[in-house]
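Below are two complexes that have chain A in common, paired first with chain B and then with chain C.
The block that comes next holds the complex of A and B.
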C-alpha cells in the first residue's frame, strides 16, 4: 500500500449510508439525490479519489465531509469520532479548493500562517511551522509575495501549504488541478502525490479527470447519479470496469454488440463477435438475457498479417506517441492505437487484417443511452 | 498616426476610419471641456467683456473682483465647514450601512434575502414624496438638525445594489469556506478578509456618497432654518440671490453693473463649489468608472 501508511498519526474516514437530497425545481415535493445511500471508507494515510461525471455527487460528498453541507441522513466518521453535525473548523480537516481560495490581500507567508494565528498559536511557533511547510513545498523564496505575484503552480503549492500547516487529520482536494494547463497539471499531480505520501495524510480527492484519478490514487471510487458505481484500484477499474458507462469514462474504449452470447459464468463469457467464436472476460452483472456489449480498448486492436479480422482504414491521425487508426471491421467502426508505430506506412483506404487481445476484451452490461 | 500596427500595414479604409475616430473624439472632448474652461476664464475676466461675448479663448482684462466679493461673505466659510462636516459624517454613515447591508444581502445563506431585496427595490421605484418625508423628519425631531440631511438617505438603493453585486462577483464561496476551515467566524471574515479585498467598492461608495453630499442643497432648503447650519451650496445660492435682489433698489446704471457683477459671481461660485471635487476627481476617476461598470454588469 501507500507509503502514507507509515504515518502512525493518520486516521481513516468512514461514510455510512449517507444521503443528501435537494429540492427538484419544477416538481412539487420532488427531490434530487445528490448522494443516495453512499457508504465508503478511506484507510489511514490512503489517497482515495472520487471520480465521476459532472453532477454525479462527488463534490457534494466532499463538502459534506468538510462540513459545508449537512447530510439529510447518514453518518460521517473521522477516525473514531463522529463528525456529521460538527462545524467545519472543529473537524480538523484541511481543504484545497479548485480556485485555491488564497486571500488576495495577504502574502504567501500570511496566507499559510492565518489558520495558526486563529488557533492563537505563539509567534515563534507559527514562524517555525510556516517556514517548515514552505520549505517542504519549495516556495520559501516567495514568502513575502502576494498571490497575484506568483504563478498558478506556485499558488497551488501555497494552497496546499495552507491546507496542511494546521496538521489536519484529513486532507480534501476539490479538483485542484483543473485550472492548470496540461503540462503543469501533469507535473503538479506528481508533486501532489509525492507531498501527500511524504506527509502521510489521509486524503480524499475529487476529480472528473480520469488521468488525475489514475495517476495519484491508491483507490478510485467511481460515482454516478449520487451512487457509487465501482470501487477499486485504477488498474482494476480500467481493466475490469463494471459496465459500459465506467469503461467509457475511464480511458478510451470501443463497444461492439456481440453476434451472440452463448454462456456467461464464473467471470467468463462464450460469445461470437464479428463472426468469430471466442471466450472473453465478463462482468458479473452480465447475464445472457441482458443487453451486453464487448469492450475493446484501442490498444488491444493489433494490426498483423495473421489477424483474423479483415479491416479497412477509414482515417489515420498521428499523435506523436502513437498513431490512431479508425477502422471499419464487419460494419463496425473501431478505433485502434498503434503505439509501436510499425505500420506508419499504412494509408486511408488500405485493406488490412487485425486481431484482438482477447484476454483484455470484456463483456459488459450495455447502456441504453451510450453510443455503440 | 501610425501606418503600421504590430508591423502590419494599415489600409486606406483603416486610416480614414482612424482620422474620423480622432476627429469625433476631439469634438466630443471640446464639447465637454470648453464650457468648463469658459467658466474658469469668465470668472476672472472683466464682466463687461463677458457680457459683450468677447471672452472666448482667454481672459480679457483679468480681475479677481468676483472672487473677492464671494470671499467677503463670512457665511461662505461657515458653509464650507458645514458641508465638510455633512460630507464626512454622512459619507461615513452611508458607507458603513451600505457595505454591511450589501455584503449581507450578497450571501446565499441569508434567509429571506430575496424578500428583503424586493423590499429595498420597492423603495427605489416608489417613494412617499416630499411632504410625507418632511412630516417624518419633523416627527422624528430631526428638523433643523444636521441629521435631517444625513439619516433619511443613509442607504441609497442603487449603491446598495452595486455593492451587493460587487460582493457576489468578487467574494467566492470558496474564500469563505477556506476561512471557515481555519476557524474564522462571520464577523471576523467580514472584517479581516472581505473589507481588505473590497477597497475598490469602498472607494466607489465614498466617491458616490461624498459627491452627492457635497452637491446636495435641496434637503437643506427643506429641513434647515438656521443659516448657521447651511451647507455651502445653500450659502452660494443665497449670495447669488442677494446680488440679484440688490438690482431692484438701484438706478439703471448701477443695476447694469450689479447685473454684470452677478454674472461674475455666478462663474466664480461654480469654481468655488466644484474646485475641491475637481481636484480630487482625477485620483478617484478609476474607482468611479469601476463603480459604474459594476452596476452595469449585473443587477
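The block that comes next holds the complex of A and C.
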C-alpha cells in the first residue's frame, strides 16, 4: 500500500436518535440513560474520537455500533446499510479491545488469520494477507509466538493487525491504549494514527484520555451523561469549549467568576474581571442572567512588567518545559504555566504583575460543582 | 413522573422485543437454547414432577392422599426422618470442623508434607462410596481384625449411629476441606496482616479476623455436607443397621415391599431439607462471602511456623491420614486374602471370582460412564457458556434445572426416572440409555459449575473479538471458548467420570439384567457378606478411575494443545 492512499471503498457511519437505557439500581422501573437521543456521523475514512469521563456512555455507544448491545431505540447505519438489528458477526466491523483480547491458545499468525479463515479464503491468499499485514506492523518475526510470549506493544500490534486484516468497513477502538505505560502509549498512538491513515479506514475511537483524543482524531465528540456535549476538532474544543465542564476536561483551566457581565451578544461578552473591564469571547449559551465563569488557560497568563494585574506567587514547581506558578490575583488563586523560562529567578512570595491573553479568555456557563 | 415510568416500561418492552428479534437472527444460538431447554425439562424437571404426581395420586390418576396417610401412620417415617436430620447435623458440623483444621493447616502454616496431605484429603472423593464402610466392617466388625483379633472383643456391633457418623465424616470432610481451602486462599490476606501489624497476637488474629471471615465458608460447607449426609445411601445401607434413615427406608420400601408409592414419598421427604440447604447455600450464604477476587495479587500471608501450633496440627493431620490409609490398605489387602479372619493366606481367588461373575458389570460400568462423561461435560460447558455469556429469557430456569438432578437425593432421582420413563412414549427402563442419561444429568452441574467459573475468569472480549471477526456463536464456542476452558473441561470430565463410575443411589433402580454396574455388585457382595469379592471390586474400580485420569489427560491435551507451526 502506498503512503497516504485514500481508501475509495471507505464508508461512513451514521447514528440517528440512539437511545439506550439500563434499569436504575434499586429503583423499580427507574432507568438510566447511557445514550440519550444521540445522533452523530462519521465521514468515510475519518477518525472520530468519543471522549468523556467514565460512565458518560461512550463505550455503550461503541458497543452498540459493534452490535454487542441492542439500542432501546434509534438507528445505526454503516454506509448505506441499516445494521441496528444485524448481529455483530455479520456487520463487517473490526474492533480493538481494551484488553487486546488476543486468543491465548493461538499463535500470532493464527490470531491474525482467524478472521480470514472465517471468510473461507484460500490458504495461499490467507498467508499472503497475513504476512503483508504483519510486515506493515513490523511483527512478522513473532508470527509463531503465542500472545503471552510477546510484549504489550507487540500484542497491541497483533490486535490491530487482526482487526484490520479482514478489511472491515469500520474500525472500532475501545480504549486500546489504556493498558500501556505513558511512553509506549504516546508512541503507539502515533503508530495507530499512521496506520489508520494509510489504510484509510473509517474509525471510531473511545477514550477518556484527552491527549489520546487530541493526538489522533480528525474530529472529537465530547460526551457526558449519555448526551453529546460538543463536537469539533481538538483545536475548536480546546479553544472554544461549550461550557466549564468541557473546558476543565480538555486541558487545564482556571475558572474565575467575573465581577459583572454587562452584555453578551454575537459570541462576544463585555465583562469586568478582577476589577478591569474587558471584551472577551463568549459561549452562545451565556446569557447575562446565567451564572457564568471566565476560563483562563494557564498558558494565557503572562508574567510581564507591563501587566495590569498585581499578583503574588504562592508556590512554584519546575517541570522541565515549563514552570508552574500558583498565583494569587485579587483574592483568586490562579495557575500559570510559564514556557519562557525567563522568570526562573522568581521565588515564592514575590510580588509581580501579569497580563492575560484576552483573545483566549472565554465566558462559559458555569458548573455548580466540578466532577473531575 | 408516571409518564416517564411508563415510557421506561414501554422502552424496555421494545428492547426485549428487539433482543428477541436479534435472537431470531441467530438461528444457531436459538436452536441451542431451545434444545438445551427441551433436554433439561425432559430429564431434569419432568422426573421430579412425576415423582410428586405419583405420590399424590392413585392408580387411576385421581388425587389421593391415603398414601401419605399410610406413610405417616403405618411406617417408622418420623423416626427415620429425625434420625436422618440428627445424623446430618452432627456429620455436617464435625466434617466442617475437620475440614477447617485441614484447610487452615494447609493454607496458613508451614506444615511439612502439604502436597501429600492435600492428596490424601481428596482421596475419599475419588473412591467408591463403600470403601470406608467396607474397611470399617473389616477392621472393627464382628470378625474385625482390630476388634476380634487384636482386642479380642467378640461380636462388636458397628451398626448404628456412631460408626455411620464416623464413616460419613471421613468421606465427606474433603468437601469442606476443598471449599474452605479455596476460601482461605482467596481471602484477602492483607486483612490478616493488618491485624498483626496492629499488634494482635496470632490467636487474637485467628479469633477476631480469620474465623469471622471464614464463617460464610463454614456455613456453606456445613449446609453442603448436611445435604450430602441426608442423601447418602451407600454408607447407611451398609452400616445403619437398626438406626433407620430415610434413604435406606425408601430403598427398602421399594426393593423389599415393592411399594413404589411409599418409597417415592420417603425419597421426596429427603428432597425437602436437601433443597432447603442448597437454596440457603446458593442464594443466601454465597452472597455473604467475604472473598474478593480482584485479579490483583495481594500480599501473601506470613505462614505460621511456631512449633507449638504446627506440631499439634501435624499430628492431627497425620493421624487422620494414617487412618484413611489404613482403610484403603485394608481393602486392598483383603482383596488378596483367602478368607478374612480365618485364612490369611494370599490368593487371587477374589479377583478370579469377580472376573467370572462381574466382568460384564465392569465392562458395562466402563462403557456407560465413558459414554456419559463427555456428553455431560460438553453439555455442561455449553450451558455454562449460555448462562455466563448470553442473554435470553428463562436463564434462571435453565440454571436451576441444570442443578436439580445434583441437588435432589440420588435415590429420589432414580425413582423419578423409573416413574417417568417406564411407560410409553418414552420407555427407557431396562436400557443402557436410562443409565447413561441418569449419569449425564446427575453429574451435569459439575460441568456447568467448573465451566462457569473458568468462563467468568476469561475476559469476555476474547469471545467478542471472535464474533466481530465474523464467527458465529457455535464457531466461537468451539474454537475459542472451549479451548480456553481446557483445564475446566478436564476437571469437569474427570469429575463426571468418577461420579458416574462410583454412583450408587441414582442408578440402583435403573440397572437391569442387561445392564449392570460395579457399584451395585459391590453392594450385593457386601450384603451377602462376600467381603473379599467386594474388596476386589473396589480395588478394580479404583484402578479404573486412576487409569481414566491418565487417559483423559492424554485426550484433552492432545485435542486442544496449543499448536505452534512454522509458516514458511
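Here are some notes:
Here is the rule we go by: the second predicted complex is superposed on the first by the 365 of 372 C-alpha atoms of A that agree within 3 Å, B and C clash if a C-alpha of one lies under 4 Å from a C-alpha of the other, contacts with A are read in each partner's own complex, and residues count from 1 in each chain.
Note that a contact is a pair of C-beta atoms (placed from the backbone, for glycine too) under 8 Å apart; a residue touches a chain by one contact, two chains touch by 3 or more.
This is a predicted model, so every value here is computed, not measured.
In this superposed model built on chain A, chain B and chain C take up the same space, so to speak, and clash. In the superposition on chain A, A:146 makes contact with chain C only, not with chain B. By the touch criterion defined above, A:127 lies against chain C but remains apart from chain B after alignment on the C-alpha atoms of chain A. When both complexes are overlaid on chain A, the residue A:68 reaches chain B and chain C alike.
When the two structures are aligned on the shared chain, A:86 is found in touch with chain C, with no touch to chain B. By the touch criterion defined above, A:31 lies against chain C but remains apart from chain B after alignment on the C-alpha atoms of chain A. Which of chain B and chain C touches more residues of chain A is settled by the count: it is C. In the superposition on chain A, A:97 makes contact with both chain B and chain C. In the superposition on chain A, A:114 makes contact with both chain B and chain C. In the superposition on chain A, A:21 makes contact with chain C only, not with chain B.
Looking at chain A, you'll find residues 66, 68, 87-89, 93-95, 97-99, 101-105, 114-115, 118-119, 162, 166 touch chain B in one structure and chain C in the other.
By the touch criterion stated above, chain A contacts chain B in their complex at residues 66, 68, 87-89, 93-95, 97-99, 101-105, 114-115, 118-119, 162, 166. Of all residues in chain B, only 172, 174-175, 177-184, 188, 193, 196-197 touch chain A in the complex they form.
Of all residues in chain C, only 5, 8-9, 11-12, 14-15, 18-19, 21-22, 25-26, 459, 461-462, 464-472, 475, 480, 483-484, 486, 560, 562-567 touch chain A in the complex they form. Here chain A touches chain C in the complex through residues 19, 21, 23, 29-31, 66-68, 70-73, 85-95, 97-99, 101-107, 109, 114-115, 118-119, 127, 130-131, 143-144, 146, 162, 166, 174, going by the rule given at the top.
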